[in-house]
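Both complexes shown next keep chain A, but they swap its partner, so chain B is in the first and chain C is in the second.
After this line comes the complex of A and B, so read on.
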């Protein structure tokens, strides 16, 4: 089975978010593998281990090479090779244009299955998967919490309001991973050593002009000054005060 | 006037509240044509608040399928010369929107907090940043539940979709209800969330769920207790979970890591119950109760029952 996994490098969740002149100050960001994409890598490797095949990681990023170590960790989990598309002036919020560029490389790999995370924890558009699927001309199932492989048939459990949609499909197909899909393993030391010898290819790509909406201004959400601590002798009195506030001020009960 | 296609959703025999809200938003942007896709939805679809409603009612459309639904929406767009497609940011909307945008070659904005002819605001970094845009080209957008006034019901013209339904290799075999009767987190007007302060999964069941039931709230959780396996990930609020914007958010035994705050600080009112007066959650809470949650929560539940 030939599997491609899309990886997005996203600012670390501990990153300090500062706004200067309506723009996010990004120069101090450290980057990490988008957590949802790690579930996708783990799932791809589990399929490879059970039926054989190959797992190729594809990522689009700037020429900043500080991310290479983290991508190698994904190969230590069991992926076979990595292709990083290096783009001068890369931005993670050029959703459609980025999806189109990724899909060109994925198409060359001719995979049976493409997996990526349901969304990036930077811009939360949840769009890359469905868009890449469209550009590849394959169906997709998104937000999948469980994925079973039986011969050439896949069964996906897709999270929806109040339940799960159980979807069967043949391949090729694109799947986006929700958190419950897999539990990501800790690679053994020997796998970490081995990953250093696995193929890691950098390719230059250009920015494609596209239809992506440009953000004109970023701002921090209105800050919520800490409110009041409701004092009282014991829980009874505190709760009475809270209910009073919720009724009179917040008017929510 | 530009033409806006509003993709509505049916639940039971009614149009989803979020769809009616988006109908109200769409009315401020142009002439609205509603579109409802499904099986046996024709009667409910007519309740969609739009001057004209197109109905695609077919056995083959019983379950959401991105390939079939995308082809229907894009055919309706082309036939009517529309320049915008709007829908609720439901699990369907957030999945369908980007695929339609890719097919039409339009811009896409997902999960918008604000939408009007003045522009759009959407959350980045789980709501830690708000990004404003004023797109002038054709656009697909999904819009989050944000207490917009519901569009007026309208008995306008109704038309049956007469185009072709695309073939798809996807086939839905069943829908498994999980926790029947529970309220969806992202759609709830009240959310009760629990964290590590509860000390055990049994206490989540004993304290959080009954309190939520009492006030008709959805149940949420911090990442810590999801990772510990107390509750499924569908409960998680925060940067690697869901972003919620209810009227009232109750954080119980949650210290308030920055990733969690990102996912809930857009709530209208926040109540925090925690024994640690230094917990960061109190910095965003409108009302804080410092004390033992095991004493406070049962009292709160009893008193709310009597309201």
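After this line comes the complex of A and C, so read on.
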């Protein structure tokens, strides 16, 4: 089975987030593989391990950041090769444009199955996957919590509000993976080292026309002030101070 | 009268030769198998510093230095041991029909020799009686469930001694002259026997002689099979004891200068990571199995065992020997048994170790229990990728944000806000804060207290701020040696680029790792625990601190006290009258947090920290002083869960509270 997995590189959730002039300051970001995409890689590798075939990772990212280590780790899990589409001025929120570029590369691979995470944890748009399916002209099932393969038939489960939907489909198809679709393995050190020998290709791509929304302004949630510890000699004085604060500052009594 | 005559027409020496051939043949064949098994192990070059090794051997083996730390069993053992060394030549004499004595009489040493042998037998007999009394009457808790083998062998040795005295006495009675006063105990026996008629005496001597020889031969056959292999096994064990500082670990690969090969240059095609097979252990790790005497001292002090975990350090050592013995034919044929050494240890046991090294410290014969567990962890993590789930988070967090909690690496220096510290600038000292001191709210207060005291005393120091990463100890002790090495390399690069020579840290794990382990990764520094610096500042009166007034007890962190060898500085720095817990100093009991255990699940019913919290509570102190961020967490939690309302404070916090205002 020939499987393509789409990988989005997203800012590490513990990166320093600063907004300057209504725009996110991105130069201090560390990037990591979108956690939802890790489930996709694991699922793809499990299918490959049971029926044979090949798993190719495709990622679209800017041209000035090194992401080799993170993607090699995905190959250590068991993916066979990686294609990174390097784009000057890449943005993670340009869904149609990005989906159009990704779909061109995926089409060349002619996969039986395309899997990606349900959404990127940068902009949470949940749009690129279905759009790639559209450009490829294949059906898609989104937010899959369990995926099973039986011959050339796929059975996908989707967690719905208060219930479970089971979908059957033939291939080719695009699946987007919900959290916990699989349990991602921790690659052994030997596998990480051996992954350095697997093919890793960087391709330059241009920005494609797209009908994308434009982010006008970003802002951080208002920061909460810390609590105040009342100082005083003994509980009576502290209580007096508290009453005063409740009256004068909080105006609740 | 002597037993050296023919029996039913067969000369005594022919019978003895036959029996010796069987006993010695069996003995040496078995020992040969053990030696071949041990030689299957990997190289470990300990054939150096002979002068030091010989001295240690004399003190530890001949002098029984650590054996006698247990007052009853230890001195009983020492008496048996020294007694045997004194009497062993008598076996030659009795085996040769008195030739040895005759030789000695020519140089007039036979009298003294007789006395030495006699006293030797007597000492061994006293030792054995004490040991039998301990095993059969006192029956300490740890000996319950141990096999009947122990008392049986003791009785057999007692038999060897008694029969020797009877033969000795019989000789005197036959000689019709005055009794040999060089053999006072023999004389005592002779006086008891002289009223018997001579025929009976002759029979008793004959029977005793042969019982004596049968028992010695039997003992020779038994030695290689049971814990009595320690009679031989302790010799290489003590002689080739570890000379590197306690708890230091070996890099994955080293070059000819014993420096670690850089992570980028590791040759993974030809690298065995950790231990899964018998022969993956070094020869010295394997020889431990045959040196163990099952004295259970390691078991007594093990925090995992004492909190009801699967791990028993003594069993781990026994497992090595039993596994080797049971699979010896396969192993010696170069084949692998279906069961691996990890299967034998069980992974529950492997992950229960806190790497506190109490077992290693307690062992009288220098057995190295902990490396067996950390080496198998290396295999489980790096080769098999089979380890407790919590550790996956730990590793990911360390990889991404270089701290165990996965908090943003850029916030590492935030604890120092408002203190106006030098960050990333050269200074006399570098304050290596560590992860807990940087990210854990409780321990950030310790970092602030330490920094304030250092500033108060006018110490020139800086911190690394965002440049600092975890020293790597949690990853390393949890088996992820590769991750450890990456962090070590990063830290060494950063520290060296600042020209760092002297480091202060409030974390004993940083203290140990940076001070004793980084040299192999290119970093050589003088590393001080903050208690050492604070003590010096106090003694030199750069800090004016009054003695604390509360009732305080001090919990020695394993990596500072037992492993780091520093038990005085924290006490002197604190000043005042401490109330000591029963187990303190190098015998301190682990808080349960070491060996990455602080990030792993622990069964709520059997927690190590509760055991230690109870010990602290028993002192009646109001405050438990600690010198380690993980002890801080574990002791606070432990005291809470046993319902104790004691405060846990770092040394630096107590000092800051008692700092006298600047004049």
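Throughout what follows, the second predicted complex is superposed on the first by the 220 of 253 C-alpha atoms of A that agree within 3 Å, B and C clash if a C-alpha of one lies under 4 Å from a C-alpha of the other, contacts with A are read in each partner's own complex, and residues count from 1 in each chain.
By definition in this document, a residue touches a chain if its C-beta (ideal position, glycine included) is under 8 Å from a C-beta of that chain, and two chains touch if they have at least 3 such contacts.
Remember, it's a predicted structure, so these values are computed and weren't measured experimentally.
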item	value
Partner chain in contact with A:130 - chain B first, chain C second, else both or neither	first
Contact breadth on chain A, by residue count: chain C or chain B	B
Contacts of A:214 with chain B and chain C, given as first, second, both or neither	first
Which of chain B and chain C A:226 touches, first, second, both or neither	first
First, second, both or neither for A:139, with chain B first and chain C second	first
Doubly contacted chain A residues - partners chain C and chain B	14
Complex contact set, residues of chain A against chain C	12, 14-16, 28, 30, 32, 185-191, 193-194
Of chain C, residues touching chain A in the complex	266, 268, 273, 381-385, 387, 392, 395, 400-401, 406-410, 482
Contact footprint of chain A on chain B as seen in their complex	63-67, 70, 90-92, 94-99, 101-103, 105-111, 119-120, 122-135, 137-139, 168-180, 182, 184, 187, 189-190, 215, 226, 232-234, 236, 239-241, 243, 247-248, 258-259, 265-266, 268-271, 277, 282-292, 295-296, 299-300, 303-304, 307
Partner chain B, residues of chain A touching it in the complex	11, 13-14, 17, 19, 24, 35-36, 93, 95-96, 99, 121-131, 133-135, 139-143, 145, 155, 157-170, 173, 178-180, 211-221, 224, 226-230, 234-236, 238-240, 242-243, 245-247, 250, 252-253
